[in-house]
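The two complexes that follow have subunit A in common; it is paired with subunit B in the first and with subunit C in the second.
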Partner chain A sequence: MEYILTVMVLIGINVILATSFNLILGYGGLMSVAHPIFYAIGAYCSGLLAIHLQIPVPLSILMGAGIAMVLSFGVSLPSLRVSGDYLVIASIGFQLGILHVINNLEFTGAAGGLTNIPVLNEGPSRSLVFVLLIAVVAACAVMLVGWIVEGDYGRAITAMRNDEEAFSALGRNAMNIKIVLFAIGSGMAGLAGALYAHYFAYVTPEQFGIFTSAALLTMVVVGGAATTWGPLVGAVLLTTLPQAITFLGLPVSIMAPLQGVIYTTLVIFFLFARPQGLTGGTRGGGGLEAWSASAAFRARRDAE
Partner chain B sequence: MFEIQNLTARYGPLVAVNDVSLSFDTGVRMGIFGHNGSGKSTLLKCLVGGVRDISGAVAFDGSPIVADQVHRNVMLGIGFVPQVQNVFPNLTVEQNLHIAGSKSDSSFLEEAYALFPLLRERQDQFAGDMSGGEQQMLAVALALMTRPQILLLDEPTAGLAPAIVKNVLGSLSRINSELGTGLILVEQNVLAALDVVERAIVLKGGRVVFDGASEELRAKEDLWAWF
Partner chain C sequence: MSAIVRIEDLHKSFGGIVVADDVNLSFEAGEIVGLIGPNGAGKTSLFNLISGVIPPDAGSITLEGHRVDQLPMHHRARIGLARTWQNTRMFHSMSVIDNLLIATRRYPGESLARILFRRRSVDAFRQQATEKAMVLLERVGLADKMHEMAIELSYGQQKRIGLARALMSDAACLLLDEPMAGVEGQAYETIIRVIREEAQAGRAVCVVEHNISFIRDISDRTVFMFNGCVLASGSVDELTRDSQLTDLYFGGEHP
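Now for the complex of A and B:
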């Protein structure tokens, strides 16, 4: 039972992460892969505040999310100057740079990780209560993103994603939208990290590397980029699938690479066979088709 | 009134516009012509602050045009229609117009539909599904939603069939005569554009090599030698 509850906690955390990543990458079209570093910032800052300053855990969780939100400027500011492939490179640099710092600081636990993080709640029903809490937070995250992308502001985000030059030519400021998307998305990732830290009581730098970026990207692509429910579906599927594989009883030397192979295969399959993801429909309904509509649109116009 | 003084624009080591000085009223109908790479699109972008690396000065009605601040500059009363990707393909026609109008006055929607009745018929259609000519119409309508005094258009007839070219240029003439909105066109289709504009500028190597009446340019027997 405890195992199932732990998997449910992981699902909830991944739903928050994938949903917030979808806000930046799917809806905003901002090609930053540094999302896990804000997950790390939330986890480490919240953990360190609770350990060293004895700040109450609920408050340290909120502070961890807030710090992640503020540090999102580290990626949103470069995004004002660079986009596409260059933003991917800048964001990888930011991610690896922060991880390098965490890996080499004594008070973060360095490569060994941060241990003895105070847990949020204790008692015989600890995991069940935490599952309920994380379910509420994940539902709020999905609803918040759904609310942001609806209405005038959502259409402005879509227009900015379609074409920044045309958007600016209408007197609209793309810079503000980028900063807001990164701040909200990163703050949500920080919240997920803080919740993780105060449930498992232990975090290590290797949890927040490029492999986690790939996993989150897979969740968004498989579920359906720029859709409300896609990241939720992707997170549930791609959290339970690796857990299910463990029951095959394969040797550890095969298990770890197998997970990577599954993620890669799923991304390639969906890119070619179902770019709208599992939940995406038409272009207006989201998915990679919506995400990349500008490119297809440009190609059609050039051909005319 | 636009005033350009000693404007030089660069892309890295490449000088695209070289020491250009011009002035013109907001109600002007002007064409900027030149061969590929002559700097005409760059000059147009400079008028709205779309080029980062510039020297010299550009001012509109006394207000300086700040480089890299397109969203602020257009609110001075300058409409800008980029050459391609000038509509939002994932949004419907009406949603496109709302995006454009939300910074100014969305009541102008009805006026946009009056100018381009076809857009009302297509209001629920995704912009990306429209033909090139229809998209160009929508792009002009979007720029008009900001209620500009002058409209800058970068090759508005690029890639369009001759009949559609006539339609688009006819719409632009109507906008000028009915709304009093000035027009600055960058065009490869020189002869068609000369029917619409009253003043012509020819650029070569980033420098102005001709500045005069459109009829004067049309009358030049060696017209094509300019391009």
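Now for the complex of A and C:
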């Protein structure tokens, strides 16, 4: 029972992460893969604040999310100058750079990780209460993103993603939208990280690397980029799938790389066979048009 | 007449290729300027320089009295500049009406805070913009297409949507890049009428077009560009009488 509840906590965390990543990558078309670093910033900041400054855990969680929100400038500012493939590179640099710092600082626990993080709630039904809490937060995350991308603001986001130059030439400010999308998306990732830290009481730097970027990307792509329910479906599927594989009883030497193989295979399969993802419709917004945007942009440039 | 746009000593080169070589031009209110020249003469580049797609190396651009050559694109657009694109550049996952709404001067969805706290003004802005968009679609003869996806219309229809989109913001200066490409039949008359009406409303209009008879029909003044230079200015007939210019246009021997 405890195991199932723990998996459900992970599902909830991943729903928040994938949903917020979808806001940036799917809807915004902003090719940043650094999403896990804001997850890390939320987890570490909240954990450290609670450990060293004895800040009450609920407050430290909110502060962790807030710090992640502020530090999102680290990616949103480069995104004003570079886009597409170049932003991928810049965001990887940002992610690995901060991860390197965390890996080498004494007070973050270095490579060994941060331990003894105070937990949010205790008691006999602690996991059940936490699952309910995370379900509420995840539902709010899905609804918040749904609210942002519908209506007038969503129309502007779509237009910016479709053609940023034409969008700017019509007097719209793309810079504001990028900063807002990164801030909200990263703040949500920070919140997920803080919740994680105060449930498991332990985080390590390796949880927030490129592999996690790939996992989140897979969730968004498989579920359906730029759709409301896609990241949710993707997160549920790709959190439970690796757990299911552990029951196969394969040796560790096969198990470890298997996860990466599955993610890669899924992304490639969906890219070719169903770019709109599991939940995406036949047209409009969904899927991986974002990935082809920079290529289309260059082709158009060359043509003019 | 007063100059809406004044370009002085504008220079831009990409490596060895000069796309604007000390260009001096001005567009007056109510005037339609035709911009002609062979491919690669720098016509679209001039539009890109004025609208801010590319920064100039030297020189100045003044729009309604404001120095704009260092300003970002959206800033220039808000001062009073609107343009269309050679290849239409529709927002491809959006409907025709949504394409137009993006271009309105007071966009309802400019910020999330406004949507959250000033519901009523947002609704009013959307209402105004929608009405304006309908009128414009009517004027370019595509009112029945408003809910279709812009990308699914024909090239000529997209050109007309692009024109309508550029008219959404009531800009003082209109830069139209080949508005006639792909446009046939009745739509030809429609576009001429719309452009004339906009000029009569006091806007400065500059049109790049390869269709010389269209330029002759519509422009008050025609400017001939070659290799980034403004070589001559006058009526189409004056320019076409100059055998040197026609040679350059049609790729004859260089002078």
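Convention: the second predicted complex is superposed on the first by the 287 of 304 C-alpha atoms of A that agree within 3 Å, B and C clash if a C-alpha of one lies under 4 Å from a C-alpha of the other, contacts with A are read in each partner's own complex, and residues count from 1 in each chain.
In the analysis below, a contact is a pair of C-beta atoms (placed from the backbone, for glycine too) under 8 Å apart; a residue touches a chain by one contact, two chains touch by 3 or more.
Just so it is clear, the model here is predicted, and its values are computed rather than measured.
Trainee: Quick check on the superposed pair: does A:Arg274 touch subunit B, subunit C, both, or neither? Answer first, second, both or neither.
Mentor: A:Arg274: touches no partner chain.
Trainee: Could you look at A:Ala159 and tell me whether it touches subunit B, subunit C, both or neither (first, second, both, neither)?
Mentor: Touch partners of A:Ala159: subunit B and subunit C.
Trainee: Classify the contacts of A:Gly151 with the two partner chains as first (subunit B alone), second (subunit C alone), both, or neither.
Mentor: The answer is second: A:Gly151 touches subunit C but not subunit B.
Trainee: Mind working out whether A:Arg172 is in touch with subunit B, subunit C, both or neither, as first, second, both or neither?
Mentor: Both partners, subunit B and subunit C.
Trainee: Applying the touch criterion given at the start, work out whether A:Arg126 contacts subunit B, subunit C, both or neither, answering first, second, both or neither.
Mentor: In the superposition, A:Arg126 touches no partner, neither subunit B nor subunit C.
Trainee: Does any part of subunit A touch subunit B in one structure and subunit C in the other, and if so which residues?
Mentor: The overlap between the subunit B and subunit C interfaces on subunit A comprises residues 152, 155-156, 158-159, 162-163, 165-174, 283-284, 300, 304.
Trainee: Show which residues of subunit A lie in contact with subunit B when the two form their complex.
Mentor: Going by the criterion above, the answer is residues 152, 155-156, 158-159, 161-163, 165-174, 283-284, 290, 293-294, 296-298, 300-302, 304.
Trainee: Help me check something: in the complex, which residues belonging to subunit C touch subunit A?
Mentor: The touching residues are 44, 51-53, 72-74, 77-78, 82-83, 85-87, 89-94, 98-99, 101-103, 105, 107-112, 115, 122, 126, 149, 165, 168-169.
Trainee: Please name which positions on subunit A make contact with subunit C in the complex.
Mentor: Its residues touching subunit C are 148, 151-156, 158-159, 162-163, 165-176, 180, 283-285, 289, 300, 303-304.
Trainee: Where on subunit B is subunit A touching in the complex?
Mentor: Per the stated touch rule, the residues are 48, 50, 70-72, 74-75, 79-82, 84-92, 95-96, 98-100, 102-104, 126, 128, 131-132, 135, 139, 142-143, 145-146, 159-160.
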